[in-house]
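To start, the structure under review is shown below, and the notes come after it.
As written, the chain order gives the labels A, B and C, with residue 1 at the start of each chain.
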Amino acid sequence: MPVGASVVAVGIDVVAVDRFAAALARTPTLARRLFNPDEQVTATGHPRGPASLAARFAVKEAVAKALGVPAGMDWHDCRVVSELSGRPVLQVSQTVADAAAAQGITDWRISVSHDAGIAAAVVLAIGPARTESTP
Amino acid sequence: MPVGASVVAVGIDVVAVDRFAAALARTPTLARRLFNPDEQVTATGHPRGPASLAARFAVKEAVAKALGVPAGMDWHDCRVVSELSGRPVLQVSQTVADAAAAQGITDWRISVSHDAGIAAAVVLAIGPARTESTP
Amino acid sequence: MPVGASVVAVGIDVVAVDRFAAALARTPTLARRLFNPDEQVTATGHPRGPASLAARFAVKEAVAKALGVPAGMDWHDCRVVSELSGRPVLQVSQTVADAAAAQGITDWRISVSHDAGIAAAVVLAIGPARTESTP
């Protein structure tokens, strides 16, 4: 039975908001490639601003790093959703869920911030580190 | 009996030092609202500079995020103190301690940094993740 | 028997890449004092650029913070190596390994990022938090 929980990996990412906004403007398909439709709008249905999108992208890059940048990772399988409180949480599926499962990762903790033109994210990949066969 | 320990939540915050310093200058009561008197001075009794204050504020914001931005949180209940080695540690009381206890958080780990006009903090909220009723 | 695993300490560090590059240029011996020879080149043997070196230095500073800035710490005893996937991992020896062992730290998790002229690193010092004498 697994007891305790441990940090399998950590990821950090820093994104320059203006560079990210310029990339989105330059490549109209980029936003769709990086984000699910519901990630691009706020809880009230308004389009997210560049800093908020950059912070969500920072989460995705931090997740990719925590996983060791798995081949074939689809950015859509790494979804940042906001709880009612506004707290961002991570939902993983398919390519990301598979890579996580292969490394014994069962849960995630994330946090984001932006100020001074910089968006930053930190993620923790959590798993049951050591299992005991207590009957 | 709780065995092991786990990360309940993570928080990150980035603060632009010049914007923070300008806010402190613009609103003379702000420093008092954000910091306890002992947080505003160094171990040797000198006033803390803007970068150091910004880093302490980043800790408080990161704690607020880790807790899901609890209503009624008093910034004074989230105190950053320096150990003799200079290592910052977090002391929580009342509103912050209550919000932490409600989420099973029993301990904190924090770290701060500032350079390039940016202060950053990361905090980990620690708790006994899984409890076992071993008699 | 140790069950579970816990985070003994966290460290974050932010480095302004241009300031770090200027310091390296100003003091020719600095790179050798901070880095092992193999840390200064990429996996393919090319010299690392300033942003990459700054990120590795940020790891070392974050490790120092997580350890409480132990006296006599030699930067060479805190080695950042890249796995084949490119994922950076930490190898500690002598002064850093001793300081870690004294605090019950048995493992590390690290991550780095750079953008917008900033290099950032976060490190987690991991240890078996609570031991049980289950026979």
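Keep this in mind: contacts are C-beta pairs under 8 Å (C-beta built on N, C-alpha and C of every residue); 3 or more make two chains touch, one makes a residue touch a chain.
Molecules present, by chain and UniProt name: A, B, C = Holo-[acyl-carrier-protein] synthase.
Note that this is a predicted model, so its numbers are computed, not measured.
S.K.: Can you work out the rotation angle that lays chain B over chain C using Cα coordinates, in steps of 5 degrees?
M.R.: For the C-alpha superposition of chain B onto chain C, the angle is 120 degrees.
S.K.: Could you label the chain A-chain C interface same or different, taking same to mean over half of its residue numbers are used by both chains?
M.R.: Result for this pair: different.
S.K.: Quick check: how many Å separate the C-alpha centres of chain A and chain C?
M.R.: 23
S.K.: Would you please write down the residue numbers of chain B that are in contact with two or more other chains?
M.R.: 3-7, 12, 118, 120, 122, 124, 129
S.K.: Quick one: in the complex, what on chain B touches chain A?
M.R.: 3-16, 19, 61-62, 65-66, 68-69, 117-118, 120, 122, 124, 129-130, 132
S.K.: Touching residues of chain B toward chain C in the complex: what are they?
M.R.: 2-7, 12, 83, 85-87, 109-116, 118, 120-124, 126, 129
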